[in-house]
Amino acid sequence: MFNKEINMKIIKNIVAVIAILSFASYAQARDQIKIVGSSTVYPYATVVAEKFGKQGSFKTPVIESTGTGGGMKLFCAGIGVNHPDITNASRAIKSKEKALCEKNGVKDIIEVVVGNDGITFSHSVKSPDANFTKEQLWRALAAKVDVNGKLVENPYKKWSDIDASLPSKKIEILIAPPTSGTRDAWNSLVMNKGCSKEAKSLFGDKSKKECAKMREDGYAVEAGENDTLIVQKLAANPDAYGFFGYSYYLANKDKIKAAAINGVKPSLEGIQDYSYPIARPLFFYAKKAHVGVVPGLKEFLDAFTSKKAMGSRGYLTDIGLVPLASDKYKVTRTAAKDLVTINLK
Amino acid sequence: MTKEQRLKKRYRAEKRFKMYGLISVSLAVIFVLILVQNIFSKGSSAFSRTMIEVAVNYDSSLLELEGPINQNSLKDADFYDLAVESLLKIYPAKDSKEERQILRLFSPDYEFEIKDFLIKNPNKIDQIVPVKITASDDIDQLNKGNFPRDLPEDRRRVSNYQLNIYDNLIEKEKIDKKFNNYLFTKGDSRDPELAGIGGSLMGSFFTIIICLILSFPIAIMASIYLEEFAPKNKITDFIEININNLAAVPSIVYGLLGLGILLSVMEFPRSTPLVAGITLSLMTLPRIIIPCRASLKAVPPSIREAALSVGASKFQTVFHHVVPLAMPGTLSGTIIGLAQALGETAPLILIGMVAFVVDIPSSPVDPSASLPVQVYLWSEQAERGFVEKTSATIMMLLGFLIVMNFIAVYLRQKFEKKWN
Amino acid sequence: MELNNSKIKIKAKNLNVYYGKKQALFDINLDINQKEVTALIGPSGCGKSTFIRCINRMNDVIDICKVEGSVEIDGAEINEKNVDVVTLREKVGMVFQKPNPFPKSIYDNIAYGPIIHGAAENKDQMDNIVETSLKKAALWDEVKDRLNEPGTSLSGGQQQRLCIARALSVNPEVILMDEPCSALDPIATAKIEELIDDLKKSYTIVIVTHSMAQAVRVSQKTGFFHLGKIIEVDSTEKIFKNPANKMTQDYITGRFG
Amino acid sequence: MSGTGHTVKSYEEEMQSLNDNLVMMGSLTENQMADAMAAVIKVDKESVDKIVKNDGKINELRTTIDNQITNVLVKRAPMAIDLRITISTMKISHDLERIGDLAKSVAKKVKPLPVDLPDELIGSLRRLGDLVQKQLKDALDAYLNRSKDKAIEIWKKDEQVDDLTNLAMNEVATYLQKDKKNLEMATHLLFVTKNIERAGDHITNIAESLYYLIEGEYLEGARPKGKPVES
């Protein structure tokens, strides 16, 4: 009995100490940059953050991969230590998100273009090189296509059904789930661009949404968020195709190769000048109000946009980021250095 | 049917059933073995790290040091030039492109590794010393045999030039494998050869401690009250049903709760073990209360009667006798509850624990990842080195779960009284 | 057997007990004499145990149990609200059907009661209480060298005597025994019976038993319960040689049901 | 026995068998007594051997009853009525056995008696014999009917037996005084009378046992006694 009282006392003390500890340090200002947002930008942001932390003056920023939309929501929720300082985005901020930011007092936003991202349409190294047009890809993937001026459920079962020049192989494409940024990019760069004029006019107002709708009859297989898994599946199945970020292609060149789109194979230069057709810019947004409040924020912007990182021989290119063309780089570098904000209206 | 036939039929039925049972058990065992084999075959190589021995020339003139050379001044010194100078000497390079390829044989941390070596051995200044430097992920994977080398160059991560250097180094026995202590001591990194689970381990540790501190006393008190003191009526029945229901609620719902209340309303810091611990303790509470109540119930009424009959009050009876006797069951229930919490990923994603955190957290309010989340994060990485790291983390996680469950079983068997 | 000159220790008057809607005891009137063994017999479920649990208010523990009527010990009503149940149970000890020592050492088993009542001021006094209680329970010689061993390591009969010693440790006036030998072998039973015989010199004992022979052997007075009513109470000799009530006769001669 | 039987059937059967054996023993004893008296009255020396032989049967039955009682005590630990039945049966069987023995002794005395026994000697003896036989019969009836009143009646009637015994003994004594030559015969007759009186006492014992069986108490007060024998 007497022992028990002692035990209770010890437990009480531990609880008290831990409670005090947690809340004492919680009350302090945040000394770490917090970044949320796109999973596409995540690999690049993390590398920059790690290098930034290793320089020793500031703590390594914490980066959370929430997706572009989710990141925007968190980012625009307000000013203060409980809200992230930076959000990554695989597309430009939308007007709706701008309105949300303004409503919550996030008025001064710095836009930084990180670089370019290409999506590769890849297949196993065991199958011969391939070349597709965007329309062919759209026809292979869309839920509804136009045949002889009429909209029908996608009838194509073999590539050769779409175009006689294509191989007589069953269509089998591993697609990313609708939640992923890659899929978003694919929808806007391939599905909408490749959508035939006839189909667009037949879809009418809803053409943007309808063109992007993918077939669900088994020829397009959802393979999950995990791009590594798609790579493994492609390596195992020579008939299958799949699309994912350029960096995954680079990291797995021994197992897969990329198909040419409109005759262009993905390459650094091609993505940079958008001559490779499936390429897009990547962004991040920072809060000007947090500069000076969260230590290191300004320095981080500087480090991210430095030539060492983003430049044409920067370390980000090593992991698949396609650097900006020099004129565009100058704009973004200035924005980061001088904290140039964008117009929210 | 004769008696003999019926008898035979009975025995046959028994035999058949035994066989079905055996098949089921062996299927289960096979699945487990496949899982374990798969994880181990992928993950075991993560426990070693490829090192390249380089003769480093600690030339003090390259360090641009002002004043005396001591540990403090060395800490502030920039070793980049010194390091690059020494590394480039391992193989002749004819242009800067080749120089860059040489540097990429090494992990980006070479500068710090060379620096740390000197700080540990300050007497080596101005000497040429062989130092083992961590190889880059590509060389590491090549050395572990995970990259095939008989492919055309454009489909390889390692260029012909680098391959030449590698073969040359192998010949000179400069390439070595050693135990990968980085795996345990380092935080997350984008370079697989430098990435470790140290951060997520601490994150998980803080999370579980917070979860334990919150859920254990509350669960014990709740179950003691419900089991021993609460009147048996409709309200307590309703509470009991709800506890059972809560235990079955998918964990992600608790994540939403944490997001909605802890982060939005109470404004607790995101991505921290504090929030994760509170969220998981909400999830764990009903899962601990149920075994706690069961073990309280298992204490035979005769013990209560014995205490009451010598004049112990209800409170004394419960706290002097019933609770101590129920403790082993309670503890093992708690440990199993915590083990479940340890393996939980879904609620942590919602409260922002899925974050790239390099710094190892030193308190529950520092941002951090946790072990299962680390698995999730690394499984999505493009670099090949993370495949083995992912499996290694799974091995660690499984190890912790097995240890915790073993402790639970041990506690129960060792200390639980057998009531005849 | 002369009953008149014994002092009445416990007096139950118009005692009714209900378990929820079910009535377990009907209008029980029973006098229990001081320093005497009173045996209660009757078929299972007849209310004997319920009755003795009324004497130390053990029924309080059961939520659905409601007790009406009066039980007096030394003329003082025990069912009143202001009666402290802890003090009552200090005065009225109880031994149960199955030996239920605490899973602690022999010493701690005995010391527990005195500790919670603050009966000992120091270790010597406590040692003394433990020794006296064990001696009274005729267990001292068997366990004096292993007081630190767990109580559960003893044999069944020893465990039961340990439980009796535990009941004695708080110096009760009344000891209630609910079938104390039903789980024991004949030798252990004999030892307990011998002990009861000895204890009745200092304590008032109420024993519930299913063994007629035991009731005859240990008790001076016997009450026969049937279906929650008390059918007959008389001297044990009278009950077992020539009961007045035919139901009693049928029960004790094995002509029941 | 009580209206309801024992829950254990074999117990019930054992008690029944005990009862049956006692009843059989009773009737055998009754016959022995009658035969012995008849032999005395008629000085029928032929029947003596038969009577002696029949006594063996009674003894056998007593042994059986004793064993049965031991069994019941060990196996059943009889309580209340069963206990009283068992104890009474044991006592009654002992008394019956003694009565049987006495009947045998009476019969044995027939052999030395002269064939022409004077009537004046036999009158009271015959009346005594008839009374004792009736007492025995009543006792057995009372046992069968569990009659408490009958038991008391028998118990009280022992006074008459004693009185008659005294009378019969006085008669023999008077006869002896007349002629000292009659000494041997008179002695035999005195023994016969005394034996019959003792049989009467055993019957009183049976009545007492019966009363205890029924009432669970002993008959109160001193047993009525006839005038002591003057010799």
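Assorted remarks:
Note that the chains take the letters A, B, C and D in the order they are written out, and that residue 1 is the start of every chain.
Note that a contact is a pair of C-beta atoms (placed from the backbone, for glycine too) under 8 Å apart; a residue touches a chain by one contact, two chains touch by 3 or more.
Model, not experiment: these values are computed from the prediction.
Counting C-beta pairs in contact, the chain pair with the highest total is A-B.
Averaging Cα atoms per chain gives one point for each, and the point farthest from that of subunit D is the centre of A.
The chain closest to the protein's centre is B, with centres computed as averages of CA atoms.
Rounded to whole angstrom units, the spacing between the C-alpha centres of subunit A and subunit B is 27.
With each centre defined as the average position of its C-alpha atoms, the distance from subunit B to subunit D rounds to 102 Å. Centre-to-centre separation of subunit A and subunit D, using mean CA positions: 123 Å. Centroids of subunit B and subunit C (each the mean of its C-alpha atoms) stand 59 Å apart.
The set of subunit A residues that touch two or more partner chains comprises 1.
Residues of subunit B in contact with at least two other chains: 320.
Among all residues of subunit C, none touch two or more other chains.
Viewed as a contact network, the protein chains form an open path, each link joining two chains that touch.
Contact between chains, per the stated criterion, is found for A-B, B-C, C-D.
Note for the complex: subunit A touches subunit B at residues 1, 4, 11, 14-15, 18, 21-22, 25-26, 30, 32, 34, 36, 39, 42-43, 45-47, 49-51, 53-54, 59-60, 62-66, 81-82, 84, 125, 225-228, 245, 247-248, 250-254, 257, 315, 318-320. Taken together, the subunit B residues at the contact with subunit A in this complex read 104, 108-109, 112, 147-148, 151, 154-157, 187-191, 209-210, 213, 217, 263, 267-271, 274, 319-320, 352, 354-359, 363-367, 377, 379-384, 387.
The part of subunit C that touches subunit B in the complex is made up of residues 56, 58, 61, 63, 86-87, 89-90, 93-96, 98, 100-103, 112-113, 116-117, 152, 163, 166-167, 169-170. On the side of subunit D, the complex with subunit C involves touching residues 2, 4-8, 11, 76-84, 215-217. Of all residues in subunit C, only 212-213, 239-243, 246, 248-250, 252-257 touch subunit D in the complex they form.
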